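Two complexes are shown next, each including chain A; its partner changes from chain B in the first to chain C in the second.
After this line comes the complex of A and B, so read on.
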């Protein structure tokens, strides 16, 4: 069986199936939804960081932009939720296009510039002068489209598409070229790879993922403020989850979300007083002992991790 | 080489500056298909810079680089690769975390070779990489990394190949072996520019040499003649290479 089919059949299908049936047996719907959102965002980070090496500290900018793209379509154009989600994705891509000059930076400079850009978008959206369009700092309330079940289903579709994209990257010469660019851009160009084009495509793909995720998030919660959907926690969590599992793989970010977000909620419920401490120690341990993520436990032994 | 065959590469009064420093200061030379041209000169004379400009890593600050009679100065590297130029690096630059096979796959898939390049298995076999094909490039020793650099270049089917100190660090047996490989490549019509410090190696494989000093050519001809030219002896052979 070709590995692309194997990856779809044994990783993507089971994961989506589990999250499709879980709402029937587990009553914390919001928690499940958040899992789906973080699974999506962690893979979005995987696309840009794992395959090109750009660390998107301001990744939430696309997410928030997508959420507001959704809100504006619903508030001003009475658009159906599905269309509004797609527009959210497009708004993410548009913001990505606007920020392509950042790709000229590298390392920490890129990360910081991206963070600054996401804050700029937050303050733009939250500007009281734009109250007529975005409701500014007063937040939006989208009761007309409120439908958690449909929004959850849409989130699963977005996750499926995102996973399919990562499976493609893992199994295509396009994905291999991206990894080559990440390893050594000069050598990649000597292999005939158009470095700039590759980086832009990966950047826009990960912006699209976050924009769509932001759209379904807005649909699901339906009432939110700029600070909610532009919260830096989204960027940090998505990055930490992806790194914890191991980037440039399909399974790494999935494992990272399930374990870390699972533990996060577990200690949040059981021992909230030690929450920050335990969580912080866990992440520090990871950075110190497993900088290449959990999957490196296997790859170090020479096992192949999809 | 018949003297009337049009050069594949023509470099004319090429200038490359780093700040106020002229790394290339009016360099001119040409190379024709099937020819092996040696580029020699003391450290810092601009050999690597010349290769970097010809392969599109740097845009020239003056003068012209022409491929098949068309100016290519400032054209992006990957486009030059598609047009038939490739190179190796003085310090090899493989994709370290990718396997040897994947390293080559990238070039086979994106090189847009004009003439079909050799198949993966043949490349691995010819350059002694079959045994390590599925290991990360980081595991290779430096001679193997140099071969991988060369194979990546060959996988794009170059018509003009620039070799930057490929032989440095190889043992005598490997030197003989790689010399034959380079000659065999040239016999297929590939133009090859060889930068090397080992004079025996240069003498053995090149048809002609250009001696570079301070970013300018000071001699063009065979190595046998070069070693008799006082200016060449002074700037280049006078020191460490004196008989």
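After this line comes the complex of A and C, so read on.
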């Protein structure tokens, strides 16, 4: 069996099946939905950080832009939710295109510029001067499309597409070329890899993922403020989840989300500051002692981790 | 109006230079992105609260206190974190995440001990020491510390005091870098780390000193934060970090005068936008940051960018 089929059959299908069945068994629907959203976002970070080495510190910019793309379609054009979600994804891609020049920057500069970009989008959307279009800082209310079950199903579809994209990257020459660019851009271009094109494609793919996730999120929660959907926590959580498991793998981000977001829900809601403390210490310990993530525990022993 | 905006911009700008200069020093010497920079600012503000509430004296005394405390804790922190980080595959990227973790820890611990309420200090408390000196030594009369007149416009006294302190601190950083032996070594490490190591410079010692001074300067700037920004909460750090980045990027790296210039330009722009287009003022630091990163990518912060 080719490995691409094996990965789809033994990782993607069971994961989606579990999350499709769980709402019938477990009552906390919102929690499950958040798991799906973070699985999607962590894989989106995986696409751009794991495979190209660009750390998207303002990843939430695409997510929030997607959510507002959804909101504007529903508020001003009364479009059906599915189309609005697709528009959310397109808004994410459009923002990604607008920000492609940032890819010229390297390392920390890219991360900081991306963070600044996401904050700029937040302040733009939340500006009282644009109240007619985005409702400014007063938030949007989309009760007309409110339908948690459909939104959950849509989130699962987005997650499936994202996982399929990661499986493709993991098993294709395109993904291999991206990793070559990450390791050494000059050598890769000498070997005939079109560096700029590849990076832009990965960048837009991860922007599309976040935009779609943002649209679905807006559909699910239906009432939100700019500060909710542009909260820096989304970027940070997604990055840390992905790193904790191990980037440039399919399973790493999944393991990271399930463990860390699980811990967050066990202790985070009652005492947020203690969670923040544990979380901070965990991040520091991770960087100092396990910089390649949990999967490196296995890879160090010579086991292959998909 | 214009004169007021310009002078206020320069006063704030000098202060902003002080806010950014520590970050500049740490990044320049170690190639480490100190995302916890703003949190050290916040801790400096808490030192000022402590000085006012516990000792009941002028918050200006918190300036040397905060500097010494955070100089020492910076040296300690350096030895715990940085050598291990430098040994990893991609220290620059991992430092972002590592120091993000540190900033979370600092914010959480501060919240656990002090709560999330906004804290401020009465602005007339700052600079009372000058009044006391004037009365005791020169027999002057105590007059209320009203606004200070510059070009016929009144400015709050804390702004002027913060600006003057910043100017002194920046001058001292300049003296440190250009007139002392350790400063010369620091500049050597900044320009070529490998060659500095090869010529026998104790890079770790130089870096530790720079790290300590960087944190000390951040906390020193933090002492004035309650006066410049009105109030401070444990969550203040994150915004302060982004602002500091905008300032550092505006100036140039490895040159304290560059950051001073960056701070002043930033302050004047900020005040002008605030005066004439106030609803868009929040956007300014971010847009400025992106444009400068994009328009001057080469040579920016003294580091070449990857050519793709």
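The rule is short, and it goes like this: the second predicted complex is superposed on the first by the 301 of 306 C-alpha atoms of A that agree within 3 Å, B and C clash if a C-alpha of one lies under 4 Å from a C-alpha of the other, contacts with A are read in each partner's own complex, and residues count from 1 in each chain.
Throughout what follows, a contact is a pair of C-beta atoms (placed from the backbone, for glycine too) under 8 Å apart; a residue touches a chain by one contact, two chains touch by 3 or more.
All values derive from a computational prediction rather than experimental measurement.
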| item | value |
| --- | --- |
| When chain B and chain C are modelled together on chain A, clash or fit | fit |
| Chain A: partner with more touched residues, chain B or chain C | C |
| Contacts of A:232 with chain B and chain C, given as first, second, both or neither | second |
| Touched partner set for A:195, first chain B, second chain C, both or neither | both |
| Which superposed partner A:261 touches (first chain B, second chain C, both, neither) | neither |
| Partner chain in contact with A:173 - chain B first, chain C second, else both or neither | first |
| Touching partner for A:273 - first (chain B), second (chain C), both, neither | second |
| Touched partner set for A:187, first chain B, second chain C, both or neither | first |
| Contacts of A:59 with chain B and chain C, given as first, second, both or neither | neither |
| Chain C, chain A and chain B - angle at the middle CA centre, rounded to the nearest 10 degrees | 80 |
| Overlay on chain A, chain C to chain B nearest C-alpha distance, Å | 9 |
| Set of chain A residues, in rising order, touched by both chain B and chain C | 195 |
| Chain A - residues contacting chain B, complex | 173, 176-177, 179-180, 183-184, 186-195 |
| Chain B residues touching chain A - in the complex, by the definition given at the top | 55-57, 76-78, 81-82, 86-87, 89, 93-98, 102-103, 105-107, 109-112, 152-153, 155-156 |
| Complex interface listing, chain A residues touching chain C | 53, 55, 57, 101-109, 111-113, 115-117, 119-120, 123-124, 127-129, 185, 195-196, 199, 232, 236, 239-240, 243, 273-274, 276-277, 279-284, 286-288, 291 |
| In the complex, chain C residues that touch chain A | 27, 33, 81, 84-85, 88-90, 92-98, 100-109, 111-112, 238, 242, 245-246, 249, 279-280, 282-283, 285-287, 289-290, 293-294, 297, 300-301, 305-308 |
